[in-house]
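Report on the structure given below.
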Amino acid sequence: MEFLVGSVWAAAFAIGVAAFGCGIAQGLGLNGAMAGIARNPEAAGKIQVNMLIGLALIESLCIYALVVAMILLFVHPAIGPAVATLGGH
Amino acid sequence: MEFLVGSVWAAAFAIGVAAFGCGIAQGLGLNGAMAGIARNPEAAGKIQVNMLIGLALIESLCIYALVVAMILLFVHPAIGPAVATLGGH
Amino acid sequence: MEFLVGSVWAAAFAIGVAAFGCGIAQGLGLNGAMAGIARNPEAAGKIQVNMLIGLALIESLCIYALVVAMILLFVHPAIGPAVATLGGH
Amino acid sequence: MEFLVGSVWAAAFAIGVAAFGCGIAQGLGLNGAMAGIARNPEAAGKIQVNMLIGLALIESLCIYALVVAMILLFVHPAIGPAVATLGGH
Amino acid sequence: MEFLVGSVWAAAFAIGVAAFGCGIAQGLGLNGAMAGIARNPEAAGKIQVNMLIGLALIESLCIYALVVAMILLFVHPAIGPAVATLGGH
Amino acid sequence: MEFLVGSVWAAAFAIGVAAFGCGIAQGLGLNGAMAGIARNPEAAGKIQVNMLIGLALIESLCIYALVVAMILLFVHPAIGPAVATLGGH
Amino acid sequence: MEFLVGSVWAAAFAIGVAAFGCGIAQGLGLNGAMAGIARNPEAAGKIQVNMLIGLALIESLCIYALVVAMILLFVHPAIGPAVATLGGH
Amino acid sequence: MEFLVGSVWAAAFAIGVAAFGCGIAQGLGLNGAMAGIARNPEAAGKIQVNMLIGLALIESLCIYALVVAMILLFVHPAIGPAVATLGGH
Amino acid sequence: MEFLVGSVWAAAFAIGVAAFGCGIAQGLGLNGAMAGIARNPEAAGKIQVNMLIGLALIESLCIYALVVAMILLFVHPAIGPAVATLGGH
Amino acid sequence: MEFLVGSVWAAAFAIGVAAFGCGIAQGLGLNGAMAGIARNPEAAGKIQVNMLIGLALIESLCIYALVVAMILLFVHPAIGPAVATLGGH
Amino acid sequence: MEFLVGSVWAAAFAIGVAAFGCGIAQGLGLNGAMAGIARNPEAAGKIQVNMLIGLALIESLCIYALVVAMILLFVHPAIGPAVATLGGH
Amino acid sequence: MEFLVGSVWAAAFAIGVAAFGCGIAQGLGLNGAMAGIARNPEAAGKIQVNMLIGLALIESLCIYALVVAMILLFVHPAIGPAVATLGGH
Amino acid sequence: MEFLVGSVWAAAFAIGVAAFGCGIAQGLGLNGAMAGIARNPEAAGKIQVNMLIGLALIESLCIYALVVAMILLFVHPAIGPAVATLGGH
Amino acid sequence: MEFLVGSVWAAAFAIGVAAFGCGIAQGLGLNGAMAGIARNPEAAGKIQVNMLIGLALIESLCIYALVVAMILLFVHPAIGPAVATLGGH
């Protein structure tokens, strides 16, 4: 069934690319935070709070993609009939 | 049904690429904010406010793509007939 | 119907790529604004005003793409007949 | 009808890629303007004026692409017959 | 008609890619001009004049592409017969 | 069975690309942490704590992709019928 | 007629890519000129003269591509027969 | 058997791309550690500990991909039937 | 006739890519010259002479490509028979 | 036999890409170590030890890929039947 | 005749890509020379001599490609029969 | 015989890409070593020793790829039958 | 004859890509030499000697590719039969 | 004969890509050596020796690829039968 092939590819594409980009984004933010704490250790508290807010926002972008991937794999209304078709083939 | 394959791919492409780009964008903004707080901790309040405004605007771009992905998966007027076709195949 | 596949792909491409680019653009602008406020906190008001003008202009570019995507999905004159064809298939 | 597929793809490509590039361009300009105001707040007026001129010129490039996309979707002389063909299929 | 598909794609490619490149170019120029005015506000007049000359030259490159796109869509001698063929199909 | 080919490719794509991106991200963060400790050894404790938080968040992104890959390989509802089809071929 | 498709694509490719590259080139030159005038306003005259020479040379490269595009669209000896073939189809 | 081709390609893709990315990541981290030790040799102990933690985390990402590759080559439930099919061909 | 399609594409590729690269090259050279004159206005004469030599050499590279494009369009010994074939089709 | 083609390609891809990435990674690390020894020759011992640890870890990534390539070429359970098939063709 | 298509494409590829790369190379060299003369005008003679040697060597690389392109278009032993075949078709 | 085509391509890919990457890696290391010796000539001995260790490790990566390429061309168990098949064709 | 198409493409690819890379390499070397002479004119002799050694080595790489291209076009043992086949077609 | 096409392409790919990468690598090394001699002319002897060692190692990588290309063109055991097949076709 071609639909299932498409949906697994699409799910893998979404989560793979989103993890790639958000990973690099968190790496950039973390890099900045590390440099900031080393430069000004007394501001470590404020930096940590903002870093966590920022990382959480970036994480949320990746979770959107994860949600879409999960929908493609389990919730999409065409999954049921497609699997049934495959089974009864 | 080829239409369903296209719509799941398109949804995954939209959310994946948008999450990639917006993630890197938030990473850049977060990087700048971290560096800014470390450099000038007394301005942390102003920086935090503007950082949140900026991150929210970037988040909104990704949410546009999420909305389009959701429309492609659930709201598009051709989804219903296509699933029905698949089921009654 | 191949037309519908094309239109959903095109809508996803437009919004995905535009969100990617505009997101990075807003990230660059935000980065500059963060650095600017940290460097010169008294200019924070002017910087914030100009940052919002700039981010709004960038946002507008992405909204153009969103409008085109919406037109492709709902307003385009060939959508109606195509869906009808699919339903009556 | 293959022509319609081509025209929606082309419209999406034009607006997507143009929004991508012009967005990054506006981000670069905005970045420079933010850094400039922070460095020299008394020149904020001149910088703002020139920034708006520049952003408007960049915006105009994207609007050219938007115009081409709209022509492809609604004004092109082959749209009418193609939709008619699709409807009477 | 395959020719029409090719011409709309070509027009969209030309205007999209040209807008992308010229947009980034104007962003680079604008960035330099912003930094220049901030560094040396008394030279703002000279900078503005040269910036406008440069931006106009870059704009002209994009307008060449727009002209080619318009020729492809409306003036090309094969458009008429192709549309006629499509209509009388 | 084409579905199995698609699922193994998709799993490999997801984990490969995510490991690529998250690896570079951890490298960036580690780079920043190394530079930070060398610059300000007394802040090593704070830097280490935040580095671990950041690396864990990046690791989580890659684990999302690993989970999706595992689902594609073992949990997806269409795997069973597909393998059965292959066996009884 | 496949030849016409090829020629419109080729014309669009030539002008699009050349405008992209020359645009960025003019942006680089303009950037340097802006920075130069800001740094040394008394040399503005010499800089302006050389900038115009350089921009004109870059413009000439793009005009070569425009000439080739125009030749492909109107002057190429195979255009006439191809259009005639299309018309008499 | 197309499935086996897909699985060997997928395994090679996963390990190749992951080794590429994680290698560069470890190179970045190592680069930072080398610079750090040279700058502040007394902090060499702390830097070494953190470097090893970071490198181990990056190594773990690549090992995930190696595990997926091994699963694709030896553990996947469709390998057995596929090899049997090939043998009895 | 496939040969004509190939030759127009090849001509457009040669001139487009060469204009792209030589344009950026001239932009780099111009950028350096602008910065040089601003830094040391008394050396403007020597810089201008060498800049013109360099730009002319870069221009010559692009003209080689233009010559090849013209040969492909008008001088190549297979053009005549190919156009004749098209006309007598 | 298509399977053998796939396995040799996959082995070459894995080792080629992994050697590319790990090579650049070792180059980065080596670059940092060279700079570090030149900057602080007394720390050469510590730097050398850590450099060797790091290079060994990067080498291990490439060896994973080499192992996978060797498995694909000699150990994979489908190699035997495939070669036999080819021989008895 | 497919051979002629291949040879024109190959000639255009060779000259286009070589002009691209050598152009950028000459731009880099020219950039360095401009900066060098501006920094140390008394060394302008030595710089000019070496610049011309270097540019000539780079030019020679592009001329190799031009020679290959010319061979492909006029000297290759299979051109004659191929054109004859086309003419006598 | 398609297998032989695949194996020669694979061998060329492996050695080409690996030489590309390892070459750049050695260039980076060499660059660092040159800068290091110029900065601190008394450390030239230590730098030379470490440079040779590093270059040898990078060379080893490329030799892995060379070994794989040689295996693909001469040792692979399917080469013999494939060549025999070609000869007896 | 497909073999001839392949050989001309391969020759053009080899010389084009090699000229591209070696050109950029010579540009980098030339750039460094220009900067070096400007910085330290008394060392111009040593720099010139080493520059020529380096440029000659880079040139040799491109000449290897030129030799391979010439072999592909004139010396390869399959050229003769292939041209004969084409002529006697 | 498809095998010969593959082998010429593979030889050209190997030598072209390897020359590209090794060329850039030698350019990087040469750049560093030039800068080093200019900075510290008394170390020119040591720098020259190490530069030659490094360039020779990089050259060796490209020669590996050249050897593989030559094997593909003249030594590979399938060349003889393939050429014979072509000749006796």
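Order as written gives the chain letters A, B, C, D, E, F, G, H, I, J, K, L, M and N; numbering starts at 1 within each chain.
We adopt the following convention: contacts are C-beta pairs under 8 Å (C-beta built on N, C-alpha and C of every residue); 3 or more make two chains touch, one makes a residue touch a chain.
Computed from a prediction, not measured in an experiment: that's the story for all the values here.
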Completion exercise
Per the C-alpha centroid definition, the whole-Å distance linking subunit D and subunit N comes out as 45
Exercise for the section: Calculate how many whole Å lie between the centre of subunit E and the centre of subunit M, each centre taken as the average of the chain's C-alpha atoms. Expected result: 36
Practice task
For subunit H and subunit K, let me know how many angstrom lie between their CA-based centres, rounded off.
Solution key: 41
Exercise for the section: Take the average of all CA coordinates in subunit F, do the same for subunit I, and state the distance between these two points in whole angstrom. Expected result: 46
Problem - Shared interface positions of subunit L, touching two or more other chains - result: 2, 5-6, 9, 11, 13, 15-17, 20-22, 24-29, 31-33, 35, 37, 39, 51, 55, 62, 69, 82
Practice task
Name the graph shape formed by the protein chains and their touching pairs; answer line, ring, star, complete or other.
Solution key: ring
Fill in the blank from the handout: ring walk start=subunit E dir=subunit G returns E, G, I, K, M, N, L, J, H, F, A, B, C, D
Completion exercise
Within their complex, subunit M touches subunit K through residues 1-2, 4-6, 8-9, 11-13, 15-17, 19-35, 37-39, 41, 44, 48, 51-52, 55, 59, 62, 66, 69, 73-74, 79, 82-83, 86-87, 89
Handout entry: Footprint of subunit H on subunit J - complex, ascending
Key = 2-3, 5-7, 9-11, 13-18, 20-22, 24-29, 31-33, 35-37, 39-40, 42-43, 46-47, 50-51, 53-55, 57-58, 60-62, 64-65, 68-69, 71-72, 76-78, 81-82, 85
